[in-house]
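Chain naming follows the written order as A, B, C and D, and within any one chain the residues start at number 1.
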Amino acid sequence: MAGNTFGRLFRVTTFGESHGKALGAIIDGCPPGLTLDEEYIQKELDKRKPGCFLGSTPRKESDKVEILSGVFEGYTTGTPIALIVYNKDAKPSAYEHLKDLFRPGHGDFTYFMKYGGFRDYRGGGRSSGRETVGRVAAGAIAKRILEEYSIEVTAYTIALGGIEAKKKDLSKVYQNKLYCPDEEAYELMIKEIEKAKKEGDSLGGVVEVVAKGVPAGLGEPVFDKLEADLAKAVLSIGAVKGFEIGSGFKGAYSRGSQNNDPISPKGFLKNDAGGVLAGISSGQDIVIRVAVKPIPSISIPQKTINKNKEEVELVVKGRHDVSAIPRIVPVIEAMVRIVLADHLLMQLANLAFQKRIKFPDFFE
Amino acid sequence: MAGNTFGRLFRVTTFGESHGKALGAIIDGCPPGLTLDEEYIQKELDKRKPGCFLGSTPRKESDKVEILSGVFEGYTTGTPIALIVYNKDAKPSAYEHLKDLFRPGHGDFTYFMKYGGFRDYRGGGRSSGRETVGRVAAGAIAKRILEEYSIEVTAYTIALGGIEAKKKDLSKVYQNKLYCPDEEAYELMIKEIEKAKKEGDSLGGVVEVVAKGVPAGLGEPVFDKLEADLAKAVLSIGAVKGFEIGSGFKGAYSRGSQNNDPISPKGFLKNDAGGVLAGISSGQDIVIRVAVKPIPSISIPQKTINKNKEEVELVVKGRHDVSAIPRIVPVIEAMVRIVLADHLLMQLANLAFQKRIKFPDFFE
Amino acid sequence: MAGNTFGRLFRVTTFGESHGKALGAIIDGCPPGLTLDEEYIQKELDKRKPGCFLGSTPRKESDKVEILSGVFEGYTTGTPIALIVYNKDAKPSAYEHLKDLFRPGHGDFTYFMKYGGFRDYRGGGRSSGRETVGRVAAGAIAKRILEEYSIEVTAYTIALGGIEAKKKDLSKVYQNKLYCPDEEAYELMIKEIEKAKKEGDSLGGVVEVVAKGVPAGLGEPVFDKLEADLAKAVLSIGAVKGFEIGSGFKGAYSRGSQNNDPISPKGFLKNDAGGVLAGISSGQDIVIRVAVKPIPSISIPQKTINKNKEEVELVVKGRHDVSAIPRIVPVIEAMVRIVLADHLLMQLANLAFQKRIKFPDFFE
Amino acid sequence: MAGNTFGRLFRVTTFGESHGKALGAIIDGCPPGLTLDEEYIQKELDKRKPGCFLGSTPRKESDKVEILSGVFEGYTTGTPIALIVYNKDAKPSAYEHLKDLFRPGHGDFTYFMKYGGFRDYRGGGRSSGRETVGRVAAGAIAKRILEEYSIEVTAYTIALGGIEAKKKDLSKVYQNKLYCPDEEAYELMIKEIEKAKKEGDSLGGVVEVVAKGVPAGLGEPVFDKLEADLAKAVLSIGAVKGFEIGSGFKGAYSRGSQNNDPISPKGFLKNDAGGVLAGISSGQDIVIRVAVKPIPSISIPQKTINKNKEEVELVVKGRHDVSAIPRIVPVIEAMVRIVLADHLLMQLANLAFQKRIKFPDFFE
């Protein structure tokens, strides 16, 4: 129990169910003096809004975020920032027929088992992708912190429905509906989505994240290594089934002479490490890849059971995406930012002590 | 800072450097009343002992573990269990020439940057693979806990130097030096190791872990999902660069109709989920795979620099393995057990409350 | 930073400022299956409502609590419960003249120093007593948990303005406006309040808390002892300056032969320990006392300075209580309940393992 | 379970029982680059050594501390510092007759209840005062950190056996065996100890702590307030039953006009707050007082029971102090230092961000 808080110095706690009253987050540990307004956060939230993309759910949520605390006259105050998004277009009745079923690939069965049968079955309740609203809102605060240190995080789609991006032109990422850095691949992905939609099926994909400008020194070995916290952060997102950093699984098939990154007086000569060595950022780009499973809600009939152990044929209707991509992209981005903001602050404590920075003395 | 503790109810803190006086762990939260002795822990430690395997370091460490606290008359008492392993065969002088160098693929540069130049350069200090002694010792305690609930965790090698195991016969795992479940693959892997050794190079590989008997209900959404904590646990091990659960990256290329696991009145009909749904164990086997990079210490000359930014050609001598496999296998196993023991206890709190189990009343 | 979360298995995170939009709490770790509605929480909140008591602030806040998540069809679901109370009668403009001042006894100066000058000065912002709205709301959830184990917590006033309660008749506590268990003392306290009010001064007092029905075994030595967490919990409330358990400071003047509680086959013969031994509950009543300072807002002129280090004579007007008592009483009660609920769950994990309670097996 | 770790950025984990093999601590989060050797730590440990003081236990323990990790060539490296003290003069057999008894005032009964009957009864096992060896050792590292910021913590005896110190001359503290700042009171205290010893009884007392040089800004509202963490820290020490800061319980009997500390352009005009306002240090001295109960081991016969609920008359023999004072004094000092070091590092993170201090860039 009590698993809804993430981070140590920059700490995010989220709440809310798919068809409850509201979703949101408390962000604790944001330093004071940062400019912040709802518009800034909204911009991030809009990236994951339903209804924006082809093949995406027609649920109409404006997802307007409201800042309830922690910001005063346009500046953060160092106190907890509470963010709230009210659910507007909840249609709980649409889920009545699912209430005793365990949908394959969903959390229905496991929530049923863990919580003794007490669960909000409407749209998956807390296990819904909609839970990520709080994460993305919190990620916007992390973004605000990272900006001050010129750290930029970009997530983008490198595979969808089996189509792989060949190019990685980050300037293209926000120019198409799938956050894809390769225009040709984008066109093919769209076709794949249309095809899957017609067939009532869903698609998985791979998202890559690059963090630029991360200084050397972030990460707290041996357990809170930067890559360990990144892995936890992204695996905590529903639909994510895999994580790799740098050369990752491919590196597992290589040799040390290939995989090691030589160092010259001007810096590292390549980056198979993905920006970390021994759990600590090296100053190179952080590069990770994230495996996203096909969303489990499909309209192709599936075999399952209900809570009385009776066989049921399930045909999911309702409002569903064909793929968690692209809407999961800003969520992954948010989680990576949250990890970096947290580690940035931890390393600042270390660095500040090393420099013996002075405390202000008002009466001096 | 302060990243050397893992877990919440079952909590492990480790210490120690490769060539310091000792390594060890404090395990806090082990329930009382379990039989435990040094022999039991030693058996696990012996699995990662140097010198056991072909291609493995000739460093001679008996790695004898001593229980310093928390066990009384053969039973755990619920108080912290301190375990210590003294370094016997430390040869710090062998590293004198590396003291100002940044070895490619190692933590030398990042530790240098993070800790302001103060670092124990001998054999990598805290960033050495030897750090895992404390993890494996702690994992033995976790194993003892899991046994009481008949939960069995087995890690084994499914790829090494590009050779993949085709069979997964778990009865073979402990019958060969590489923890490989496929005898034929084992033979080929050994050849690959010999070849790499001759060439002064090193090899990566992939380790798979299966946990059997895990009850449904473990995992604490939304951040402390079971797979999230598993990912963090294994990514916190040096040399690990990737993690996947169930169908993982392959699943990212599949469709919902393929990837969903149908449910029948007798149980799940397949296990592409890898034993978790929405962050909670489903009662199926937990199945994860771990990417292990080739160890960075190779005797092939490499380009690097020293702390004065001068170019240096590095030829690593010293005592080194050709691959982190097989010695990393018991470490991964240990970390998985630690996560499961922690989550088992958390879910027990939940379950016990749901059942309103009674407290003993001495004076009743 | 990030100090707004309390507890481990039962975890409370609060947010909100005195004159911001809203205050509230996220309660994470509440077990599923408990009946819960807004009325139940409201009842606790009403105990700390402004305007109820003589000498109390005339600020008119209905403090209506809303449940935003974690409760479905009248039952908790095990997911985070978000509670919100909107500020209705905020009059921020009333504080404009205080914006550059450091009021003696308040957090103005320390918030100014800690947060680099960025602070919500209106009514103390986050350092206001109004912050405790979230605590009391969260405490109601803890109360709901404790009820299931018949644990009852009662806080009451034993000293106010120098007047001490001689009797401790808990049946009287809710029959007067000061939560005083002694009717005669109550009358004298009221007079003292009236007098202080006329003089523009404020009063301190002492609150005692008794927790009945706490089973033996709660508390996690050596650092998370039950009394240690209780002390932290109450000292985290603004205006609290002291804590003692059992014989406390008086016991420090006694001898072992007096202070030890003898044990008979029927139980302890007295309770100078206050219900804990070596950090663990003994099954006796938990008894603690809490020192509450006089509230710093007084209308008697005071010397202070502004942020330009200029001398200022401060005469606080605005809406203020004469004493933090009685409104702090339900806050202390709430914090004690939060600690007990958290420790109850932790010990349940321990107990459940000792009993090897079984996990439900759906497919068995 | 798992209550043996304290702190967030500066984190201490202790282990060990009174008559086990060894006691010790892992200190995680100590910044790199601090000079540190065993002699420095030993000096702190010697302050709590048995056998130093009149009325003190004759157990002969040299309590030699050994650094096992985290220090290299005389400097801390930022990795965990493991400290160990082996028990030399353990006489477990002396406790055989107590094995089934519940000594009044001790943790025997509660440990029995919590841990299902599995306990190390020898000298109280983990609940022994000897457990504090790890705390004091860890406190020495905290001291080392605080020195760099010229923060000095001194604890001293202000009451013992009913005798109160009238003077507080800190220069006298280390010139007598009771850490008493008043020579005359010291003489009377000694007499009281002798008397109690003769009578087979024990004495309680009060310890005061002053921390000088603490900068404004330490403390993390609303739950991790500085005084809240200080309260938890000292209440986590066995034998401590009360805590107050500043005017404390006396302040609860005062009025706002008396208790508020006026502020002038040169600083605060008095310090009834005890150095904190709203949970954050103000730059004034931190002043706390700690109630220490008479130690429960007395040779006067006491009524108790054994685990079969049979009445027993207990006459404690063995080796015991007459009072926890003076040996508890360095323990309290250590815990206060640990809290301050932890909060110092947390505020440094905040401050460093506010100043946007730069990360070192090796390749710049």
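Here, a contact is a pair of C-beta atoms (placed from the backbone, for glycine too) under 8 Å apart; a residue touches a chain by one contact, two chains touch by 3 or more.
The shown structure was predicted, so the numbers you read here are calculated from the model rather than taken from an experiment.
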Inset, instruction - State which chains count as neighbours of subunit B and simultaneously of subunit C. - result: A, D
Inset, instruction - Return the chain pair with more inter-chain C-beta contacts, choosing between A-D and C-D. - result: C-D
Inset, instruction - Determine, among A-B, B-D or B-C, the equivalent of interface A-C; equivalence here requires over half of the contact pairs to be the same by residue number. - result: B-D
Inset, instruction - Sort the other chains by how far their Cα centres are from that of subunit D and give me the top one. - result: A
Legend entry - Inter-centroid spacing, subunit D versus subunit C (mean Cα positions, whole Å): 26
Legend entry - Separation of subunit B from subunit D, taking each centre as the mean of its C-alpha atoms, in whole Å: 36
Inset, instruction - Please compute the C-alpha centroid of subunit A, do the same for subunit D, then give the distance between them in whole Å. - result: 43
Legend entry - Residues within subunit A bordering two or more other chains: 1-5, 8-9, 14, 31-33, 78-79, 109, 113-116, 126, 216-217, 221, 265, 283, 309, 345-347, 349-350, 354, 360, 362-363
Inset, instruction - Would you pull the subunit D residues touching subunit C in the complex into a rising list? - result: 1-6, 14, 102, 104-111, 113-116, 124, 126-127, 131, 159, 161-162, 196, 201-206, 216-217, 219-225, 227-236, 238, 241-249, 251-265, 269, 273-274, 276-283, 291-298, 300, 302-305, 309-311, 346-347, 349-350, 354
Legend entry - Of all residues in subunit D, those that touch subunit A in their complex: 8-9, 31-33, 78-79, 145, 148-149, 215-217, 221, 265-267, 283, 344-357, 359-363
Legend entry - Residues on subunit A engaged by subunit C in the complex (per definition of touch): 1-5, 7-11, 13-17, 20-24, 26, 28-33, 66-70, 72, 75-82, 84, 109, 113-120, 125-126, 309, 345, 360, 362-363
